[in-house]
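Paired with subunit B in one complex and with subunit C in the other, subunit A is shared by the two complexes that follow.
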Partner chain A sequence: MNSEFTQAIKQFKKNRLAVLGFYMAAVLMLISILAPLISPHDPLSIDLVNKLKPGFWEGNYHNFLGTDNLGRDILSRIIYGGAISLKVGYMVILITTIFGTIFGLVSAYFGGVIDMVIQRVVDVFLAFPPLLLALAVAASLGTGIEKAMLAISLTYIPGMARVVRGSVLTVKTLPYVEASRALGGSSTWIITRHILPNILAPAVVYITLLLADAILYTAALGFLGVGIDPSTPEWGAMLSTGRDFLLMGQWWVTVFPGIMIVLAVLSFNLFGDGLREALDSKLRND
Partner chain B sequence: MKRSKLLSLILVIAMTATVFAGCGGGDTGGEEQSADTGNNLIIARSTDALTLDPGYAYSEGEIDLMYHMFDGLVKFKNADLEVEPALAETWDTSEDGTEWVFHLRQGVKFHDGTDFNADAVVFSFSRLIDENHPFYGMGDYSYFDYLLGDAIKSVETVDDYTVKFTLNDKFAPFLTYMGYYSEFIVSPTAVEKYGQEFFKNPVGTGPFKFSEWKKDEYVSMTANKDYWGDVPQIDTLIWKVVPDDSTRLMELETGTVQAVKSIPPNQLEKVKSNDALIFEQVAGANIFYLAFNVTKEPFNNPLLRKAVSYAIDVPSLVASSYEGLATAAINPMPPTVFGWNNSIEGYTYNPEKAKQLLAEAGYPNGITVDLNTFTGARPYISRPLDAAEIIKANCAECGITVNIVTLEWGDHKTTLDNLEHDMGFIGWYDIPYPANFLSTMLLDGSNTGWAPQTVVDLTQKALSTYDRDEQSAYYKEVQQLVFEDTPLLPIAHSDYTIAYSKDIEGLELTVTGDINAKNVKFK
Partner chain C sequence: MGLYRYTIRRLVLAIPTVIGVSIIVFLLIHIIPGNPVDVMLGAKATEAARIALTERLGLDQPLYLQYWNWFTHALQGDFGSSVTSYESVTTAVLGRFPATIELTLLSMTIAVVFGIIFGVTAARYRNTIVDNLTIGVSLLGVSIPVFWLGIMLIYIFAAVMHVLPVSGRITMGLSVTNITGLYLLDSLITGNWAAFKDCFMHLLLPAFSLATIPLALITRVTRSSMLDVLNEDYIRTARAKGLPYRSVVFKHALKNALIPVITVIGLQLGTMLGGAILVETVFAWPGIGRLLITAISNRDYPTVQGIVFMISFLFIVINLVVDLIYAYVDPRIRFE
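Coming up: the complex of A and B.
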């Protein structure tokens, strides 16, 4: 196990872009965790007198990246926005992993009618465009970051279940599973000791790529104004607010959250891609 | 590589060409246009009409057109919506105020040559009132029905040029509403000829004749040289549809169009600083307010409603979200309407008092409430989310935690109509007559669930007198009661705006927010 792990790391390190992605993601996470310590202002405090002020390029070092249409400090909002995006991202992953794995495992391991029922439900969910589904769910659940998380998770659980099911189907027929069963191992024993560890690689890859997607979908929901309280410093919502001011020349309201979305999604995508390659080669080496 | 170089070259050329084309339009194009086309006025707007039938028109894209192609029996003469003769020269009313007799102008002809007479008037109204009329129900929604449907009992001819309206009861706004576009007179022969197609072949007596309607592109009209009033000085009037805000402004700047209505706040600076344009704003007949749901906890408690009202800094909210295009509201009716109560001072921002009232209301440790808001622009507010966030921040300082619930307009309206909200944003825009705001809106459409018997009685009394001073007295009392009980917090009256080229004069934005291009001429 240990040598496999080091092998994967070795493989990963060869991919320079992936390493870059990893470091960028790490910095982002650090900033988000430290948000209350490093953000210069309260991201929610409204100051109507100082609205739409430009930032450092016009010598405003008090609000380094300028202020938005309600006079809130954009730098602080971006920093807190990272925390929100990552929080949503991780929660989506957690929810998706738990439920996706359970459904996939149960479906593949037990087969028959259970498999049939679960997979048809998955089919129904997969038939909807993910953003549309998330939008509909978020709109019906109402406002709140937790509800947005739930809405986004719901669009990924079916995909996750599919991936897990595929892997389980392969692993289930391998000789060591047969052997364990022949030795009288219970289903719980077989699932936890033999199947779960061996479907980890594809699941981890799916999850890492999902993080970038989840961040993007959070931004999309925020941009469309669904599911998230407008005062929440969420990147997508900030982008949407700023749109009205682009024409008037107040570009900073839109541009900075936009850059952050790009950076976050890019770094997690690069990281995820690298991870996939590393783990795939590990699988090949087996 | 080579291909991408070629592509960038093409792009650069294309961009440069566009820039020059833009300049050309600004410098010479405009003048050429007005020289060439001479007397054609083009007005750009965001939406097209859906019908050109005054009886069934109701959207902004339609109302402007109605005033140019049709006439009513009376027309508005001032901002108080008092009326003067139009198709009727004189009128008198019976002792009990339920019968109105109009003596019509003689020698007027519709655009299709039909004579205007008492029969035409009766036809015009019967087709909207009488369910058995062969041409009843030619549209989806009748604004006439909304305004006067319940008030008018019958319309009859007395002789060729005399018409009698019988009302069920005295109805104070009757004469004013008769000057509104939905009461305008249509040609009976045209309605008979076109039937269901009348909505795209409108024929009236107005200063402009309908000439062409290209759906979602433009409606064009030509001057009616035989008009009974002042004949227009322009030849053609074109209402062009340009949905995109920035394109509309660009067309105005380059001189492709001469006027644009409803300037978004974010274009204000640009329009005002352009020397070739004139910008005008008039006080709008609308209101944006915060509706408290008085039918359930927690806002069934008037002390809490007052606490919230003192917690919100309305003037600075208005200053920041309307860019100077609005007045802070005090009463649930614009100050331009007669009967406005000027002795009420309204709520002034006072966080201390808010906290004190909050404690008195039984919430010394604060309270959490929902604020329902819609997301898109409405005629009375362009950025509702900004307003919601400001209120949230204001309330937070006084210990009131506000959860903003954002819904799309349709869902938002349903939620408020069903009184499922705590407090919510809503507004009203309609004819600037006190009955409209203080009876129709306040008691039936305010989304507060507030309708005390005293107020119902007062508005009933006001509706059954034609004396405006008497009405004023009743309505002032209503406004005082609203202030004391605070079922809603008035926020703002948004201004109506228009920008037009310096090449023209005589363009007017009326108190109802409609364009009047009847007296336009080119300099």
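Coming up: the complex of A and C.
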């Protein structure tokens, strides 16, 4: 296990783009944790006298990236926005992993009628175009970050259940599982000791790429004003506010939150892709 | 299994999925926290209006009866009427549908044509600067939110350069004789060149925005699938026969490499139906996506339910068609 792990890390380090993605993601996480300490202003404080002020390119170092239509500091809002996006992302991952793993595991391990029922339910959820389900559920549940998290998770649980089910079905037939059962190992023992550790690799890859998607979906909900309050310093919502001022030349309200979304999504995509390649080539060498 | 039997089997398997989707869509109105009628009408509504709406939506009946009524009406294409405008939901959706179809079809055409060209080129020049550039750009393509890209394109091409229109489908004052509802096609049929050009200009930015993600994915899949195929024995044989590389790539390899691409196209059509909601909002494009967002902000839940069900139903049909095409071009699928 240990040497396999070091081998995967070695493989990962060879992929320069993936390493770049890892560092970008790490910096982003650090910034979002330290948001209250490093943010120059209060992201919610309104200052109508200084509304729509340009930033450093016009010599305004007080509001480095300028201010929005209510005079709120854009740099501070972007920093807090990262914290919100990542918070939603982590929660989506947590909810998706818990329920996806349970459903996938139960489905694959017990098979039969249980498997069939769970798989038909998964089919139903996968029959919705991805954004549509999250949007419809968020619209019904009403405004609130927690509700947005729930709505986005609902989109990913079925996919996760499929991934877990597939891996479990492969692992289940391997000789060491059979050996454990022959020695009288209980279902719980086999699942926790033999199956879970061995489905970790595909699950981790799915989760990393899911984080990129979750950030994108949160921004989309914020942009559409569904489930996320427009005054929240959330990247998508900020960008949506700025849209009205873009045609008048105040581009910074829209441009900076957008760049942050791109950087965040790109970093997790690069990281996830690199992870997949590293773990895959490990499997191929076996 | 023959293609005919396979088709029947897939059709039968789609039935529980459609029923499941209808249950979830029906429940959307019941997961609203509190009384849905209060949410839809607001706090100032009179008691009479509240009772009237409750009766109209059948919310005073037992849940199973409500579902049965909703589902049997939905099967006949009746999704009730809008809470705000009293217009039939089906009429509203059908009126907006061609705009979304036109946008999606043009985007998909852009994505397929350029995606295959880029993918084949990248595979052909593997590990060169061309290949690396293609991979880099396609990675960026899947990471840019379509709504932000759309806004930036408006800023560059409409606000700064003034070469393309900001939003909408056609300039005020121009009109197209309605035949299919697809403005490009209709103006072409009637020979209305001024309108054709105008509609095309209006379509460019939204279609390009919506095309980025499928374009990036089709490029990636075409590239990796081409690389797989180029390693096959029959390609080596073709080369050994002395056939020129170009004809081996386009005649032998591409045909086989396109099979996985079909799956991606099918899946992406569904994702595009979701993406269209965002793009239509950015460009004030009068399609079903914008209708949905308007209905959500008006808390017009019967309209929301109707749209969500119809789009999902369309997605199921698309997936079914893609699976059948797949089974047709690759008979191994049918025997799994």
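In the analysis below, the second predicted complex is superposed on the first by the 286 of 286 C-alpha atoms of A that agree within 3 Å, B and C clash if a C-alpha of one lies under 4 Å from a C-alpha of the other, contacts with A are read in each partner's own complex, and residues count from 1 in each chain.
The rule we apply is simple: a residue touches a chain if its C-beta (ideal position, glycine included) is under 8 Å from a C-beta of that chain, and two chains touch if they have at least 3 such contacts.
Predicted, not measured: the structure shown is a model, and the values here were computed from it.
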{"item": "Clash or fit (per the criteria above) of subunit B with subunit C on subunit A", "value": "clash"}
{"item": "Which superposed partner A:247 touches (first subunit B, second subunit C, both, neither)", "value": "both"}
{"item": "Touched partner set for A:46, first subunit B, second subunit C, both or neither", "value": "first"}
{"item": "First (subunit B), second (subunit C), both or neither touched by A:12", "value": "neither"}
{"item": "Partner chain(s) touched by A:220 [first = subunit B, second = subunit C, both, neither]", "value": "second"}
{"item": "Dominant toucher of subunit A (residue count), subunit B or subunit C", "value": "C"}
{"item": "Touching partner for A:132 - first (subunit B), second (subunit C), both, neither", "value": "second"}
{"item": "Partner chain(s) touched by A:262 [first = subunit B, second = subunit C, both, neither]", "value": "second"}
{"item": "Contacts of A:271 with subunit B and subunit C, given as first, second, both or neither", "value": "neither"}
{"item": "Partner chain(s) touched by A:69 [first = subunit B, second = subunit C, both, neither]", "value": "first"}
{"item": "Touched partner set for A:230, first subunit B, second subunit C, both or neither", "value": "first"}
{"item": "Where subunit C runs into subunit B (options 40-48, 112-120, 256-264 or 328-336)", "value": "40-48"}
{"item": "Residues of subunit A contacting subunit B in one complex and subunit C in the other", "value": "139, 142, 225-226, 247"}
{"item": "List of subunit B residues in touch with subunit A within their complex", "value": "246, 266-267, 269-270, 316, 319-320, 375, 383, 385-386, 388-390, 392-393, 403-408, 411"}
{"item": "Residues of subunit A that touch subunit B when the two form their complex", "value": "44-46, 48, 51, 69-70, 139, 142-143, 225-226, 229-231, 241, 244-245, 247-248"}
{"item": "Contact footprint of subunit C on subunit A as seen in their complex", "value": "17, 120-121, 123-125, 127-132, 135-137, 139-142, 212, 216, 219-220, 223-226, 236, 239, 243, 246-247, 249, 251, 254-255, 258, 261-262, 265-266, 269-270, 273"}
{"item": "Partner subunit A, residues of subunit C touching it in the complex", "value": "16-18, 20-21, 23-25, 28-29, 31-33, 39, 139-140, 142-145, 147-148, 151-152, 154-155, 158-159, 166, 270-271, 273-275, 277-278, 281-282, 292-293, 296-297, 301, 304, 308, 311-312, 315-316, 319"}
